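Dropping the structures in below, format is structure tokens.
First subunit A sits with subunit B, and in the next complex the same chain sits with subunit C.
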Partner chain A sequence: MIKVLLFGAAADRAGTRETEIQVDDGVTLAELWPLLAERHPGLAPMRHTLAFAVNGEYARGDAGVSSGDEVAVLPPVSGG
Partner chain B sequence: MFAIVDEPLDVGAMIGGAQRPDCGAIATFVGTTRIDEAEGASVEYLEYEAYRPMADRKLEEIGAEIEERWDVGHVCIVHRLGRVDPGEASVAIVVAAPRRGAAFEASRYAIERIKQVVPIWKREVWSDGYVWVGSQVGTRDKASH
Partner chain C sequence: MQTRQPLVASPNGAIELSNEEIARYSRHLIMPEVALDGQKKLKAAKVLTVGTGGLGSPLALYLAAAGVGTIGIVDFDVVDESNLQRQIIHGTSDVGRPKVESAYEKIKDINPNVEVRVHEEALTSENALEILDDYDVIVDGTDNFPTRYLVNDACVLLNKPNVYGSIFRFEGQASVFYAEEGPCYRCLYPEPPPPGLVPSCAEGGVLGILPGAIGTIQATETAKLILGIGEPLIGRLLLYDALGMSFREMKLRKDPNCPICGENPTVTELIDYQEFCGIPQANAAEEENGVPEITVEELKQKMDRGEDINVLDVREPHEYEVANIGVRLLPLGELPQRLAELDRDENFAIHCKTGARSARAVRLLQDAGFEKVYNVKGGITAWSEEIDPSVPKY
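Showing the complex of A and B:
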């Protein structure tokens, strides 16, 4: 099970701040995305704007994720 | 010192904490809530959220980047979360350095890096709806497309 955290506009569009997804070990972030977008269709149009983090560090689409990992869906940051 | 807090920022205390005998300059940047107006509506307040502890760690990384690039004696960055009303501070950066050039440059660098890499988001709450800054997602007619 992978814990997925959503923030800002992504949480808004998904209608939730946290969800869990069952995946096979070794799946990549890019492969995880369609499962997430299917469950939360409001996210789909945001794909090109989003960054991702795995266990608290920015990660690219080819990064692998495994059960127990925490994936964060990060819209463009706007602190300051 | 790097911190993410829920209460108003005490910029005076941050400046006091930066005063050192080996530094001849303290540069301070304070980001505050501005009331924007458009089409007869206006911003009422901002609301911030963060992905923690990643955001805390990114602030510390910015501090480390500054110490690699400039001769500084003290770097303090504090970002506020939650509702921030007009005129109130959402972020404060205080850099003390032996000379003013480094203090000015490092404080500018800190705010630009915060806006690039620290997972913090703000929502503008307008009189007619809200919008997530940077995503243009929200309930205002202009924003939700």
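Showing the complex of A and C:
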């Protein structure tokens, strides 16, 4: 199980700040994304504007994730 | 005491503090991390705050009080009533005045020793390098993506630290983007979001107190960089959640392929950031795919003449409670499920706050086979301004 934390506009679009996703070990972030977008379709248009972190470290699509990991979904924020 | 090279070299005999300044900065001078030498560094330092809004307000006030010698302020905006909930450098009596004017007066009142440099203009690709060049630290308190990328790129090109902060609803972020030592904003977000995808504070709202928390973090990082003390937020993104009252931290990495700070940069000068963020393209598309509109005057006349037109308000119930014009509320999010309540053969005028959500509602109805649907131009805001000022503007 992977814990997904959603921030800012991503949390608003998903309607939740936290969700859990069951994955096979050895999947990448890029492979995790469709599962997340399927569960929360509001997130789908944000794909290319999001930053991700795995266990507190910035990660790209090819980063591997496995059960027990915590994935943060960070949309850009412009407000000031 | 120093943990890193201070951004401002020790001024030694070049800068002295008066007895008044020594009394004023007493609480700094008794700490070995600042002391007389540090206070002189602060006095020698030049800091530019881009924007005197939510973040710029606490930033400029605290940096001034702390004794930063030169503070530049860039803003072209005037103070609006809706700014006062969070932009504490401006007061009620400043409404309608240029923000740089009220900011100048507040800074000078807090600390007359500060030299305030006023840049009453928008930061653009044409003037950014010249304006930023004279400062040691740039603090990003802007409110839009084009300016954020502009500030980032200009800082990378000039090799200056960009003390970044941003806010949305109850959440804030802060970091220090300093390409010489770590990642830049583009390493984190190489592509800007398409216009409209990520709401601004004007669209999504923001807790008025939130920029106080983030702006003071930016001010703290600025002072630390000047003094060369502590661990700066370089390579770390700090996330603050006011509702959970928690801080989290993400480690960032410099992207070797970053188009501006990477190993083979493709961006070697400032570009057109409006274009980069897709704003002219979105405006053109909007014009091309525009929906039929009705002005508030036209709508008022139709209503007064008793013409057969259904007016729908597609905002949220909590907005309706703040201000409404007595028409039927049908929030945009519920519209797809409630189409059966509406008659396709009738006329509809749809309004929201300013016209963006109602345009989406018009398209939704058009797609569902409605033919006589109009978007109320400017929404309830225009109604308040042009038809009935007793309807509050929010």
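Assorted remarks:
In this text, the second predicted complex is superposed on the first by the 76 of 80 C-alpha atoms of A that agree within 3 Å, B and C clash if a C-alpha of one lies under 4 Å from a C-alpha of the other, contacts with A are read in each partner's own complex, and residues count from 1 in each chain.
Following the convention adopted for this analysis, a residue touches a chain if its C-beta (ideal position, glycine included) is under 8 Å from a C-beta of that chain, and two chains touch if they have at least 3 such contacts.
On a predicted model such as this, the values are computed, not experimentally measured, just so you know.
On the superposed subunit A, the two partners subunit B and subunit C do not both fit; they clash. In the overlay built on the shared chain, the residue A:L74 is in contact with subunit B and with subunit C. Residue contacts after overlaying the shared chain place A:H48 against subunit C, while subunit B stays out of touching range. For the superposition on chain A, the stretches of subunit C under consideration are 57-65, 291-299 or 363-371; the one running into subunit B is 57-65.
Shared contact residues of subunit A with subunit B and subunit C: 7-9, 12, 46, 49, 53, 56-58, 72, 74-80.
Within the complex, the subunit C residues that touch subunit A are 51, 53-56, 140-145, 148, 165-169, 171-173, 188-189, 191-194, 197-201, 204, 206, 211, 237, 239, 248-253. Per the touch definition, subunit B reaches subunit A in the complex via residues 31, 48-51, 53-55, 57, 79, 90-91, 111, 114-123, 132-135, 137-138.
For subunit A in complex with subunit B, the touching residues are 5, 7-10, 12-13, 46, 49, 53, 56-58, 72, 74-80. If you check the complex, the residues on subunit A that touch subunit C are 7-9, 12, 45-46, 48-49, 51, 53, 56-58, 72, 74-80.
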